[in-house]
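Labels A, B, C and D are assigned to the chains in the order they are written; within every chain, residues are numbered from 1.
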Amino acid sequence: MSNIFGKDFKIMCFGESHGRCIGVVIDGCPAGLKLAEKDIQEELDKRKPGQSRIASQRKEEDEVEIISGVFRGFTTGAPICLLVFNKDVKSESYEKFKDLLRPGHADFTSFIKYGGFNDYRGGGRFSGRITAGFVMAGAVAKKLLNLLKIEILAHTVEIGGIKAKKLSIDEIRKNIYKNEVRCADLGAAKKMIEAIERARKEGDSLGGIIEGIVLNAPIGLGEPVFDTLDGEISKALFSIPGVKGVEFGSGFSGAELMGSQNNDLFLIKRGKITTKTNNAGGILGGLSNGMPLVVRVAIKPTPSIAKSQMTVNIKKMKQEELKVVGRHDPCIAPRAVPVVEAMLAITICDFVIRARFIPRALK
Amino acid sequence: MSNIFGKDFKIMCFGESHGRCIGVVIDGCPAGLKLAEKDIQEELDKRKPGQSRIASQRKEEDEVEIISGVFRGFTTGAPICLLVFNKDVKSESYEKFKDLLRPGHADFTSFIKYGGFNDYRGGGRFSGRITAGFVMAGAVAKKLLNLLKIEILAHTVEIGGIKAKKLSIDEIRKNIYKNEVRCADLGAAKKMIEAIERARKEGDSLGGIIEGIVLNAPIGLGEPVFDTLDGEISKALFSIPGVKGVEFGSGFSGAELMGSQNNDLFLIKRGKITTKTNNAGGILGGLSNGMPLVVRVAIKPTPSIAKSQMTVNIKKMKQEELKVVGRHDPCIAPRAVPVVEAMLAITICDFVIRARFIPRALK
Amino acid sequence: MSNIFGKDFKIMCFGESHGRCIGVVIDGCPAGLKLAEKDIQEELDKRKPGQSRIASQRKEEDEVEIISGVFRGFTTGAPICLLVFNKDVKSESYEKFKDLLRPGHADFTSFIKYGGFNDYRGGGRFSGRITAGFVMAGAVAKKLLNLLKIEILAHTVEIGGIKAKKLSIDEIRKNIYKNEVRCADLGAAKKMIEAIERARKEGDSLGGIIEGIVLNAPIGLGEPVFDTLDGEISKALFSIPGVKGVEFGSGFSGAELMGSQNNDLFLIKRGKITTKTNNAGGILGGLSNGMPLVVRVAIKPTPSIAKSQMTVNIKKMKQEELKVVGRHDPCIAPRAVPVVEAMLAITICDFVIRARFIPRALK
Amino acid sequence: MSNIFGKDFKIMCFGESHGRCIGVVIDGCPAGLKLAEKDIQEELDKRKPGQSRIASQRKEEDEVEIISGVFRGFTTGAPICLLVFNKDVKSESYEKFKDLLRPGHADFTSFIKYGGFNDYRGGGRFSGRITAGFVMAGAVAKKLLNLLKIEILAHTVEIGGIKAKKLSIDEIRKNIYKNEVRCADLGAAKKMIEAIERARKEGDSLGGIIEGIVLNAPIGLGEPVFDTLDGEISKALFSIPGVKGVEFGSGFSGAELMGSQNNDLFLIKRGKITTKTNNAGGILGGLSNGMPLVVRVAIKPTPSIAKSQMTVNIKKMKQEELKVVGRHDPCIAPRAVPVVEAMLAITICDFVIRARFIPRALK
């Protein structure tokens, strides 16, 4: 396994879904950042399940503890360890079907990779629960970026084929957390919620698309040719369970345009160079270009469904039927929204430090 | 800049479009691999321009030289340096418009990032030409994978909105290099070629989608939670100039399916566990699952177009008109096909070594 | 800061002397290793202070907790987080002289580096206490090496100028933990203890030299030219507070020999290639050569002394007198013995995994 | 193998003693540094053999070529590839004794590690010749450090037991290159030269000790707890063939002092905090403290000697006699002086960039 991400702002994640805790250590956070548990708790609360009818009924009363790296309210430069202890864990249900490979899950691949020693309860280290660690680290990254006025947003733009209409940044920012699906188009949000409830009743699930946005990033973030801004962001996003696609700007649809349509023309606006359109999604040559960074992430439908599915019992090596019982989100996209935000914040923060745009206050 | 990729099979690329050479050093290739210039030349020839009417008219007579790491026909375990010296370079045309920011190119971002010291001729280090280095390293990776019977394929599945129909692996393998667009659907290929010629005549360009396939990879490649197989592959692919999106298996379209449709059911077939469908694209939980790995890559339309475009003169800080003259591919997707193959081969090879599936012959 | 060590068997350390805890996360430990708290506790107990009159009177009742990565008594392949919570911490004494730079300590450099935000209590992240984290990780490494029959030893060979006589491996192994100074030459040990007690009475301190030994390492560990076995070991050892020199085999004294004296002649013994002498200390060309690896580490005298010293008050920027009160070891060498063992075990373990000599049982 | 060193100022070395070339690629050098072949040639000339009677008679007319990363006399931010092609290579002599393991060399360990595929001619990748790559990269590092007024010096302080007397920095700087042994104490230098000539006549060789000095480094270089300044420097120095020990400041002799003797008292001098003595060798807690950094390096006697030695024929697995013929330095310490300088410069440069003390001119 490799549970370290980042080069200068490094995070190391650990913990399992049904183990004692979920944790993260941040190495490379500059000294002098004001940091308290509540800064992290706020972000953590955004990904909390059990917030509504459409999410998992599991109650994760995640309470963060800072156990190193902060002294008298400020970061010291030493590694910051953040922990949440697991509560409300029901592992019994996993014992029954522990030999049955859940379709769409890592049960099979992790069994082979780790010789059957992996913690299978709730997916263990492959559970969506591990993203609590991402969100805690992201909260610290966001605080740092905040000093540079860099803003990170994410919102749901599609669920079960229902698409949100294009909105302005201001509308998005205002509306994201106004509904359970984190969709800024309130009309679409309503339909998405209905679709999710319908899927739940059918014992089925839905996928979706999340859009992440970075505003006010300095020009030149990224380290081509291999540690490109888009490359590192996509790598970060693929670590979120369920992500199957990542595109920037016009992305896959841009591949159908002509060069004269897809090129963003350069302009001078208020003495600054900018582009007329933003089909590049804010990235040119693997470097940020000063325009909003726009990335879209495809989230597959939750693989845990109540419907009966054919699968394999790996111990008996024979086919058996499986009905996944348990408390699952019929659509994980809404809960992935703060996680996309977190991974974006962590990646941008790492590049900001690599490129030495450190908040002056912290130098 | 960061020009190193890989953790165990590491490559370090260097060189510029109009500089003296393009080169790559491979560190971590096991000793004992039979390797000759011709092994690399074959792959390099696949990305050579000037092969047809639809490609750039620039003649790159790329001839590879192995200048270290090979002794009496076999790799020694020492770093392998591969070089091609640049020929047929015409830099004069770049002098004229060197202060004009070419839309869709890295001219602006690299100027800012490197304080105007970057080599602007032909895009310098940001040119598509640097992928010659990727292809050379990929040739070595492919030879290694070959010993393990792992096969890497790539083919064009869409250009300018024209989609290839779904074909079997055998048909793909057989047809890829039968036409200039590297599209295995020969009927679609014909239409693609026509579309490219039309675009060229109009002084415009087209984008496309390439599909990469990895066959026979062992189960368990990948190092979650951060160095996932999909994450590292996507990072590798985003280092190819022009790539704007990456998706695995059902990807973005899977986000519109229901869980019961998208889940790949597990089966036992000839005593082995496999899946009925392959919506996962061969990856579960960031690990290869034994099914074909399928990845699709969106390539934007070539930004260099003959049509007049409004842009900015960065020295004078005023808007000017630009007509990019020079020898450019009206669609780079076909030439990106061997590059996608190369980056896939390099990434898989790195994971194969990390996971210790080293060809026995080389241990 | 950079608190990550290792490439395949990676450790990330955190925690402060007077903070809530000392911890370490191990990433890359193979799945299937039997591991319980007591395995780690045993090693941890070796570095415990308060064991004797000659050590610090601080009582560190270090009790390790495994909070991730182990499931039903075996490692799972997931990151292993090990924690000890700090007890018996008296921070008041540090408040009084917090602006006085303790000579020989990191107070000055860390104040400058971290802008005064560093946790100064007991040296914070620069305290010898952080080596509890090293020892916990080392305990896991030792268990792994044990499966390969690789043995790690360390013992005190000099304190305050008193040198132990050369002993056989068997004598060393038998005697190390028979006395408080971890010196296998029991006569010398007695004199060392007397010298330390004398130094303590005078309010002064002593330094020493520790020898580390690795037995039965496979031939070829190390990754030249930069990640050499000696280079990585020395880097690991310099992370132990107080280390000022590292030498292998004949080391500095070998520089005074002639080539014909220092060269180790190759022999065949019981069908195996070996060397007549071991001036190389088991390393040739940065690679293990099958002979015992022998490294010596110079430990400076404890900088915390009761004697009055002239120093600087960094807030007032004036010179003041300082008498370090508190509970300090008059010689840290004996307590550094298990730490040298730990860092050796961690480094060797990392190379064993890099070179793929993984215990078969765990593959 | 692992031929990459550094984290922000990265070098990747390649090439073999009797292959086509020795080369290095530097990744991470800031854009805007004036750089020409002659800057590198000057440093390279310092390690050239054949300069005197006491060195190897092999004539290495090393002529550096910059083949990437420099445009119109300035670095561009892109990777810089530096090459010297090998001339005057006589490989025949190696064929005769290629199966005989030369004592003190890497022949045995590299044969085992690389399965007999290693290039044995002149030691291949394990030859001292590879340090030409270190010196080329060091020349670039020195130019960068020069902009910050950081100075790197190295000089011989002992050869064959003959010790130079302690001299001032000014005397050292003035005298280093005044004699063939690079010893600033001219009286001792004369005796060293005589000792080397004596050893050569006897078909034997001598070792020595080199002292490296870094002046004017900013306070706070280093990234504890693992990437300490001393740890990284020692790792860098152990990559030089023949190095068997590294110590800082009072080093091994400091281990015999009392704390009150070894502690460097803090003082205020001209408004700045400094220390009365420099037993720490300029490093406290793994961080530079503003005093001169002083490191001593033990170089073993050249293993290639003309005297007959017993060894093993690895193909026949029997003992045979070996007389190494060829052109070897009877003492490599003098030629290692510029290499120690280079590795110090590279390591300091890497930390300078990590700590963001980038020359303002280049930002």
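Simple rule for what comes next: contacts are C-beta pairs under 8 Å (C-beta built on N, C-alpha and C of every residue); 3 or more make two chains touch, one makes a residue touch a chain.
Bear in mind that the values here come from a model prediction, so they are computed numbers and not experimental data.
When the C-beta contacts at B-C and at B-D are tallied, the pair with the greater total is B-D. At the far end from subunit A, in terms of centres built from Cα atoms, lies D. Note on chain placement: the centre of subunit C and the centre of subunit D lie 27 Å apart, centres being C-alpha means. Measuring from the averaged C-alpha position of subunit B to that of subunit C gives a distance of 46 Å.
Our note on geometry: subunit B versus subunit D, Cα centroid distance of 39 Å, whole angstroms. The multi-chain contact residues of subunit D, meaning those touching 2 or more other chains, are 1-4, 13, 113, 125, 363.
Viewed as a contact network, the protein chains are fully connected, with every chain touching every other. Residues of subunit D touching subunit A in their complex: 7, 356, 358, 363. For subunit C in complex with subunit A, the touching residues are 1-4, 10, 12-16, 19-21, 23, 25, 27-28, 31-32, 67-69, 71, 74-81, 83, 110, 113-115, 117-119, 124-125, 362-363. Note for the complex: subunit C touches subunit D at residues 1-5, 13, 101, 103-106, 108-110, 112-113, 125-126, 130, 158, 160-161, 199, 204-209, 219-220, 222-228, 230-232, 234-239, 241, 243-252, 254-268, 271, 273, 275-276, 279-281, 284-289, 298-305, 307, 309-312, 314, 317-319.
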